[in-house]
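After this come two complexes, each holding chain A, first together with chain B and then together with chain C.
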Partner chain A sequence: MTEFSFWDILRNLLLAARWTVVLSLVSFIGGGIVGAALLFLRIGGRRWARLLSRGYIQLFQGTPLLMQLFLAFFGIGLFGIDVPAWLAACVALILWTAAFLAEIWRGCVESIAKGQWEASASLGMGYLQQMRYVILPQALKVAVPPTVGFSVQVVKGTALTSIIGFVELSKAGSIVTNATFQPFTVYGLVALIYFALCWPLSKSSQLLERKLDVAHRNH
Partner chain B sequence: MTYQFDFGWLIDSLPVLLKGIRITVQLILIGAVFGVALGIACAWVRALGPKWLKPVVATYVELIRNTPFLIQLFFIFFGLPSLGIRMSELSAANLAMIVNLGAYSCEIIRAGIQATPRGQFEAGASLAMTPFQTFWHVVLVPALQRIWPALSSQIVIVMLGSAVVSQIAAEDLTFAANFIQSRNFRAFETYIVSTLIYLALAILLRQMLAGLGWMLFLRKASR
Partner chain C sequence: MSLIAITEVKKRFGDNEVLKGISVDIAPGEVVAIIGKSGSGKSTLLRCINGLETIDEGSIVVAGAQFLPDEVHLKALRLKVGMIFQQFNLFPHLTAGGNVMLSQMVVKKTPKKDAEAVARKMLDRVGLAHKFDALPDELSGGQQQRVAIARALAMQPIALLCDEITSALDPELVAEVLAVVKELAAEGMTLVMVTHEMRFARDVCSRVVFMHQGRVHEIGAPEDVFANPRTPELRQFLGVQ
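Let's turn to the complex of A and B:
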């Protein structure tokens, strides 16, 4: 019977937390790219594209992330590929993140006054030019605080990947608990590590929001 | 892809699925009622409550909002017994959902309360209402009406998040799906079906909350 010191527990959890960070970054960046594509479909001119994107967003926002993980895990397997947990985790988290980011960003684009679209159209700009030179530069400013705020959800979402067997912070917590029989300490520490990852993001989102609000009032 | 889809197991598994749906619905109903009540209590503390309690509530809200629900659940179910607090899987799941929704709804309701003009507190006081009466009639109800859509979305999010309570063997819909797929080896089809059930539940819950909001606020206003 090996004895585990507090330091052993903490060190193992921190090592596993690296994978939580990596997975969060991959999901957030990948989700941002897919989300931007969805956004262009969602607010573009074509009707079928709008419907498709809307359906996608509703589907992913209306079902549990855990189910999406299971479906990615077993769904990719149907193609005869031996699916490692990290692949299913990345695919599901990217698709899930994309749905939420697209919806957040749509709100930001729609907050830009309609006159801006009309003014840029009257200058002879095409859709992509309007987006590139007029709408996005303004919408991006509005989009920063909620996007940073959503990154907290992504970090917390990665905890679910432990269920399909990806070894990140939560899974490490379960493994260490099974070895040490100290669930109170271990899960307490796991929670604190998540808190240390998420809280700075939450706080900076709040600060950014306040800063932006001031900028708005000075117009 | 040469995979043959098979949904023949669905008929035999229907009772298990229905039981899972029942537990999930039960969890979210209890969680929503007590979670929002806890949220209102916390919002009251943050707006008008005793000074010493404010940092306690603020810490609770920040801790819950910045940690995953799964870990909160594990902490309650596996961690608390070390302190002598033991409970069944369902109670632990319920408690975790209440604690989780309580923190989120506190923030949402607080935002609604902050939007109440200062003068309304004073107007209430000048009508000889007690601080509690002012809070309830003048501040809370309009605040709830203002933030009802946000609160509804949060309740739906908690319902979808409740899928993870299967991990402590609370027998909800996901637990039923796991059970069924371990018998029929049709994992993909089983999870597709349960995902669609979750989608239907989410749409239904959203509609019900919209209806409830109309009953609580708009009908009153139109009378």
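Let's turn to the complex of A and C:
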């Protein structure tokens, strides 16, 4: 039987952690783009667009991420397409992230005083101009802390993709455990690595909140 | 030929009819004060003229442009009438100058250099040329409201609507804003103002409209309306017996 040193364990976990980071980035950026599209459908536009966007958000917020992963993994397979685990993981996480970001950002846009809409309308601006030059610049400032805060959820959400066989940090943890029979050491390290990824994000969310002084800003 | 023709305008919020058939004609250069208790519909009427509220019946025509609730007509209407709000509603992320420049560049596609020249001129007109680079947060309420006036003027409207523009100000700041409005009136700008400043209405306005429960109750020259109120409602509102 081969002996594994502590360094062997840590090295393998860190290598796998790269995929957690990549998956988090892809989900967050992709989710941000889809989320922005959902936001525009949700707050402006036509009735059917609002309903569609609202339905989407409720569906993805109202079902477990794990089920969404299963559906992406096995569901697309039903159409005869062989889905690799990484693809299913990316798709499911992007769609999930988008639903939450759209809802967070909607709150931010709606927190902008009604008078800002009225003043810009009375100056002759159209809807897109109001959004682009008046509402979004203010809403973005409000949105930064909760958005960064939510990124922590995305990082932790990637752990679930281990179940459909994507080898990221958690999956690597169970593989290494099976080889070394040292579950406490291994999962302890896994937890620490997640913490090392997430803590700076939470902390920066707090700092940004204070720095942008969102709560004390008056309109 | 009237500049703003309001004919039989009715407006409902649900079951509550707030405007029950309003007809007022406003000639170019007139300064009209709309007075009345809160809930009498005076602010709603003003917001209808600018298209911030839709109307259910009747018509509003500003300088030949009919009010219709689609983006093209609304924009045409809003380029003709500027609006000043009780809460100033300056854009907090832009400087005073930026506030005055934004809509010129975005709506009228004025080049930045020209927009800046206009902004400096308009801020100077309201006595705030030196505050061009100040953010709204750094200005007093009275200064913010003057920037808002400059912002509306920069679009070169043919009429200005003022919705209780001094109500949110500390008493000592009211005078500086009213002085600007008075100057505009003297220059011949058409003004429609909802106001609680009775003395100002008496001194500056050419006509006073008293609204009560969604109707125009009395209308006339300020000396008539204030000196000889004909109806008990207006007498009660003015506190004379």
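Keep this in mind: the second predicted complex is superposed on the first by the 212 of 219 C-alpha atoms of A that agree within 3 Å, B and C clash if a C-alpha of one lies under 4 Å from a C-alpha of the other, contacts with A are read in each partner's own complex, and residues count from 1 in each chain.
Definition applied: a contact is a pair of C-beta atoms (placed from the backbone, for glycine too) under 8 Å apart; a residue touches a chain by one contact, two chains touch by 3 or more.
As the structure is a computational prediction, the values presented were derived from the model and not from experiment.
Superposition note: with chain A as the common reference, chain B and chain C can be accommodated side by side.
Angle at chain A between chain B and chain C, computed from CA centres in the superposed arrangement: 100 degrees, to the nearest 10. By the touch criterion defined above, A:Y133 reaches chain C but does not reach chain B.
By the touch criterion stated above, A:V167 is placed in contact with neither chain B nor chain C.
Note on chain A: of its two partners chain C and chain B, the one contacting more of its residues is B. In the superposition on chain A, A:E118 makes contact with chain C only, while chain B stays out of contact range.
When the shared chain is aligned, no partner comes close enough to touch A:L87: not chain B, not chain C. Of the two partner chains placed by superposition, only chain B is touched by A:G62; chain C is not. Of the two partner chains, chain C is the only one that A:K141 touches; chain B does not reach it.
In the superposed model, A:F79 makes contact with chain B only, not with chain C. In this overlay, which is a superposition and not a single complex, chain B and chain C have their closest Cα atoms 26 Å apart. Residue ranges on chain A touching chain B, taken from their complex, read 59, 62-68, 70-71, 74-75, 77-80, 152, 156-157, 159-160, 162-163, 170, 173-174, 177, 182-184, 187-188, 190-191, 194-195, 198-199, 202. Partner chain C is touched in their complex by these residues of chain A: 113, 115-116, 118-127, 129, 133-134, 137-138, 141, 217-219. Chain B contributes residues 1, 3, 62-63, 65-72, 74-75, 78-83, 156, 160-164, 167, 174, 177, 187-188, 191-192, 194-195, 198-199, 202-203 to its touches with chain A in the complex. Taken together, the chain C residues at the contact with chain A in this complex read 50-52, 71, 74-75, 78-79, 82-83, 85, 87, 89-93, 102-103, 106-108, 137, 148, 151-152, 155.
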